[in-house]
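Mind having a look at this structure? Questions to follow.
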Amino acid sequence: MSHSHILQAALNHIPITLQCLRDYEITAQDFVRSDIWQYIQQGSDQNISVAANRRAFDDYGLRPRILRDVHHGGVAVQILNETWQVPIALAPVAYHGLVHPEAELATVRAAVAMQTPMVVSTLSSCRFQDIRLAAEAGAQELKRPVPPLWLQLYSQASQQQTQQVLQDALDAQFSAVMWTVDAHYKRSSLALPEGVSAVNIDADAQYKHTSHLLDEQLVFGSWFTEHAPTWDDLAWLREQTHLPLWLKGVSHPEDAKMALEYGIDGLVVSNHGGRVLDGMAASLHVLPEIKAATGAAVPILLDGGIRHGTDIVKALALGADAVMIGRPQMHALAVAGMLGVAHILHLLRMELELALAQMGCAQIKEIHSECLVRW
Amino acid sequence: MSHSHILQAALNHIPITLQCLRDYEITAQDFVRSDIWQYIQQGSDQNISVAANRRAFDDYGLRPRILRDVHHGGVAVQILNETWQVPIALAPVAYHGLVHPEAELATVRAAVAMQTPMVVSTLSSCRFQDIRLAAEAGAQELKRPVPPLWLQLYSQASQQQTQQVLQDALDAQFSAVMWTVDAHYKRSSLALPEGVSAVNIDADAQYKHTSHLLDEQLVFGSWFTEHAPTWDDLAWLREQTHLPLWLKGVSHPEDAKMALEYGIDGLVVSNHGGRVLDGMAASLHVLPEIKAATGAAVPILLDGGIRHGTDIVKALALGADAVMIGRPQMHALAVAGMLGVAHILHLLRMELELALAQMGCAQIKEIHSECLVRW
Amino acid sequence: MSHSHILQAALNHIPITLQCLRDYEITAQDFVRSDIWQYIQQGSDQNISVAANRRAFDDYGLRPRILRDVHHGGVAVQILNETWQVPIALAPVAYHGLVHPEAELATVRAAVAMQTPMVVSTLSSCRFQDIRLAAEAGAQELKRPVPPLWLQLYSQASQQQTQQVLQDALDAQFSAVMWTVDAHYKRSSLALPEGVSAVNIDADAQYKHTSHLLDEQLVFGSWFTEHAPTWDDLAWLREQTHLPLWLKGVSHPEDAKMALEYGIDGLVVSNHGGRVLDGMAASLHVLPEIKAATGAAVPILLDGGIRHGTDIVKALALGADAVMIGRPQMHALAVAGMLGVAHILHLLRMELELALAQMGCAQIKEIHSECLVRW
Amino acid sequence: MSHSHILQAALNHIPITLQCLRDYEITAQDFVRSDIWQYIQQGSDQNISVAANRRAFDDYGLRPRILRDVHHGGVAVQILNETWQVPIALAPVAYHGLVHPEAELATVRAAVAMQTPMVVSTLSSCRFQDIRLAAEAGAQELKRPVPPLWLQLYSQASQQQTQQVLQDALDAQFSAVMWTVDAHYKRSSLALPEGVSAVNIDADAQYKHTSHLLDEQLVFGSWFTEHAPTWDDLAWLREQTHLPLWLKGVSHPEDAKMALEYGIDGLVVSNHGGRVLDGMAASLHVLPEIKAATGAAVPILLDGGIRHGTDIVKALALGADAVMIGRPQMHALAVAGMLGVAHILHLLRMELELALAQMGCAQIKEIHSECLVRW
């Protein structure tokens, strides 16, 4: 069956139990090995920041305007030099192969179908080039353009290795680089299953940190802190690529301003889905201050807790230009592969458009802080 | 048995388990088919606004005055040119036939018995004219006047169809029009049971919105947004009727002010019982700002979460002139038909009068924001 | 056995499961008929104010001072012309006979033993004179003076009947009158068991309010509002007695100031244990504003939610001169009669003294708002 | 096996279920007699302050800085004249013998292994001298210096007895005295098991307070208040020792300032783990005001609720120079003796270093209030 036929069939057969992103989350648990499920869902330590990300959205109520003519409205946004059909991107998520054999190839075909930008993780379980090829095949089938494909970059052990990742992304025609700077110290104990690995990087470069009770140095002075990215690395990285460069993991307005001086093209306000430093403030809570500090200088993306179209409205009202979704991709991929991911993107767009129309906003840019009341 | 005998018998036989509106809600579940129950109770999506409506009342504590002579007090209010015995109206609720075979005919007889204004839904399952006749029969039996009967209006697919609804209401001597503008995009999946339908409108005009994964346009640009009501429609509607015109679904003070310019006679602060745009601020929370914006220019009704006489006190203290109850009608109707609805109206009045007397307020107009403390 | 021997024996045999007031509450449920238990415990309607009373104490944390010499400290207070050994009184509670055959006679002997003032309810199940005699017998046995015994007064159907209650109290040498003005409209459905009744008032004067669905007047215009106490009644009452006159049920600062003009000697900040108007603000929450309005002009008592010595500290820190306990009397009386009541009074004093000593306060008057932090 | 071998073996065999301090708490319950478990875990009365201590940390979110070079960072702090490898000390906890036969001897060996200061309780179940010897044996084995060992001092019944405790501590080369002033009135009902006792003090000096129902004096005027420590005792104590003198149990800024005038060298902000005066404000909540009152004059330690490295960051951000952990020692000691204690100290340091590195702070002194957002 062709993609469009599959999509059409899917539309006719989506079970009634899958009507929103949470339904996929509930269902996905039965499709994933328990240790992998734990890996996907867990935040660090006590999940304080995971919970905070969600709860932050509940702090705000929507206050619609009525009787406005929104018929000619739409949700497309201009993000730097690219047009997004919807202000939603697929956040970089490592190892899609953990939940579906087609891995990122399925995800990217869904991204093409729904015209959704995808940020491909350095820790992708498919090669960048293969992801590009799958996207182009899908685009040809559906007669739609390939949406923006970006590289999410983790700095590698050496500059040479980092350059290689950048070059591979360039070869795969990725159109922007999103440099993640908040997860250098993340600990994970998941043993990757057979056949799933970070195929785009040199496996030898992956370092596992351990410490002994009697070690004099634990974190400081270790390989870890030696290789942690710094502002100097940003200056270097800025020189390595002509592509738009995004900084992911900003939560302090001073850092946001500093990043502008280094020539950053966009900011991602994120606490890495609560997976890194537990206790970090919710993304949504630090967003307004960062927006206030940077104004219209660069676009801002937000991730962390987006599960519904109305969450997107709140994020945009507080200063984001668009949002990214992380874990929901994995839930949908686990349940129904490419179709699942396409479906949740459709749901989010539908929810967003309904919310906008009901808010009396014909365009994304009409969403502002006046649309919210603080509860 | 005559109505008054039935009512008298009812008074003597109300089970001890039915002493407040919540008792009816608990009991009603056993009287209603589960999909219908779900339809009545559910809000949209995650029920955030349903919960918010209720919780908003808990934000305020009552602070009574003591030792005031309230003997000659009362709870009647003047709403435009009509006198309400109690500042409570039956909110427009679609399809009373879902829960009781006598449908709106039972409800309106309760309204007559308790002298409570009733706002008849465009989606009523009985013809407007039949509702009027039932009201008059009840009035004659009980030797009481027919209380205000109003039309709740949804704009129809064409102006001609809307005019027809207005004309039918006029023929049924409805004395005001309450135009609902916040529920154009509401999705509902309930399949109406045999014998229940929107008999007052052209069934062909009812439109079911669906979207396909690959549709280029979902909400914006669809039939939906094309037919959504606008300020122009308000201007048109204002010309179609000499009856008092209410606007239902206001939650922003700027919209309230704009509505005054269009000649609106009254405002209904409502988030449609949390059934439309989930995440909308609680009705009670947006009320004070709307009152501040409009002052004494027009009366304000509030619905959303009223379950007790003290809730009414809080709504009035924050700026409402009267309140409407929605779901409780359906609970009472399901449990005991006309008697149930009459009983909850009696309970609410009793609770309201007791609360007022205990607050030291002899008249509704003595309730003001000083009567509350914010918790 | 003599009282002192009984008390001594009790001290040696108090079960380990009875170490605080909550222990008595838990235990009491097994000693009381379920409808009576419900009557004692319940607030009105949804118990919002019952819960609020308790939760209000949790809003404040204690902030002790250290290293102060408190050895010569004590907890006695001067309330008008009487000395209280501890700033705790037994609040007026109706029908002690509901939970123990010795009823108020047991309670008053505990009051004597612990030198605790007792406010005897108009709805006492023992005659005022018998309560006085029991107190004197206990005082003689224990070689302790009779503590203050006061009358709690509900206005009766006629001034003559009210005068009779006052006269009976005077005959029983009660030394103050606490006029309750917040419970005229209280509804109760408890059928008093055989042998328990309001022996101090004319049973015929007791009025049971009912209303019919078709009544034109429910509360306003009824016997209820006709007989509800007013400021004029206060003026009259002030002339009827030379005893100190307290006003119970004040929650608005303007009423507090007004009461002073009428010659009131003391104020009781109370929401009647959440038993009357559900949704009333917590006693503790309205206390500071009332204290601010009245200053040192008259003493203030607070009841509502006191269950521990630290609660007393918080109430005093926010403006009360002393507190009263209500339901705990009934719990203790149900479990162990006179001994139970004596024990909880001992526990509260012990907890209060420990709290004070740990707060670095040698005297009750050293407790002020600086001792608290708002959480 | 030597200590280092044991430690090495331990590192290789720590079960996966013991990865953070909470894991030890959960596990410990199975290793401890239930009455002892209750004694360790319980706060006073209703555990309000126990819960408040923990919840206080949840009031703050972390806001990291990014891209800072922290490689040469470290967590050592200078506390008066001593260097602490990590800003964590073992708080004084009575009777380690309750949970492990090696008691404080095991704890101190863990302290040596992890180079963690230990504050030895007056109510230690091992003699001070034996604790010193165990520390030195461990130090020799591990070729590490003995970390700071301090005396926690409770004032004894007589000055002579207090002097004896001080002298014993001096003989054991303890290097500071931490005088606890907030627990004079603590009640405990634990019957110490055979073989566990306060071997460092005169058993006869231990006083058990009881009171009888008919006592005229309960707390005030009793042995308790007579012997409670006062500012005069502080003046006396200051003269008895040339060692640095810390005051433990401060929660009011005025007391903190007063203590400086008496020549105190350091302050411990503590509510005694919620074990003494229930309802006391959380340690973390009173810390900022105390820091504001004392500035850089003396170092401040905080205990109460520290269970994770990020808790330490929050305490330091709000004004503490270092923290102490109490109950977690007992949990770890119960589960795995010396190894358990060493392991939790390792975990806390690891968590702290990771948190710091992720916060972009290379040094403890870079942590300040800007690192937090209030939730």
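As written, the chains take the letters A, B, C and D, and residue 1 is the first residue of each chain.
Throughout what follows, contacts are C-beta pairs under 8 Å (C-beta built on N, C-alpha and C of every residue); 3 or more make two chains touch, one makes a residue touch a chain.
Not measured: the values here are computed from a predicted model.
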Overlay chain A and chain D by their C-alpha atoms and let me know the rotation angle in degrees, rounded to the nearest 5. 90
Shared interface numbers for chain A and chain B above half of all numbers used, same, or below, different? different
Can you name the chain that lies farthest from chain C, using the mean of each chain's Cα atoms as its centre? A
Chain A and chain B: spacing of chain centres that average the CA atoms, whole Å: 43
Go ahead and note the Å separation of the Cα centroids belonging to chain A and chain C. 61
Return the residues of chain B touching two or more other chains; collapse runs of consecutive numbers into ranges. none
In graph terms, with chains as vertices and touches as edges, which category applies: line, ring, star, complete, or other? ring
Tell me, which parts of chain A touch chain D in their complex? 45-46, 48-49, 52, 181-182, 184-185, 187, 211-214, 218-221, 224-226, 228-234, 247, 249-252, 254-255, 276-282, 285-286
Please output the residues of chain B touching chain C within their complex, sorted ascending. 4, 7-8, 10-11, 20, 22, 58, 60-75, 113-114, 142, 308, 310, 313-314, 342-343, 346, 349-351, 353-359, 362, 373, 375
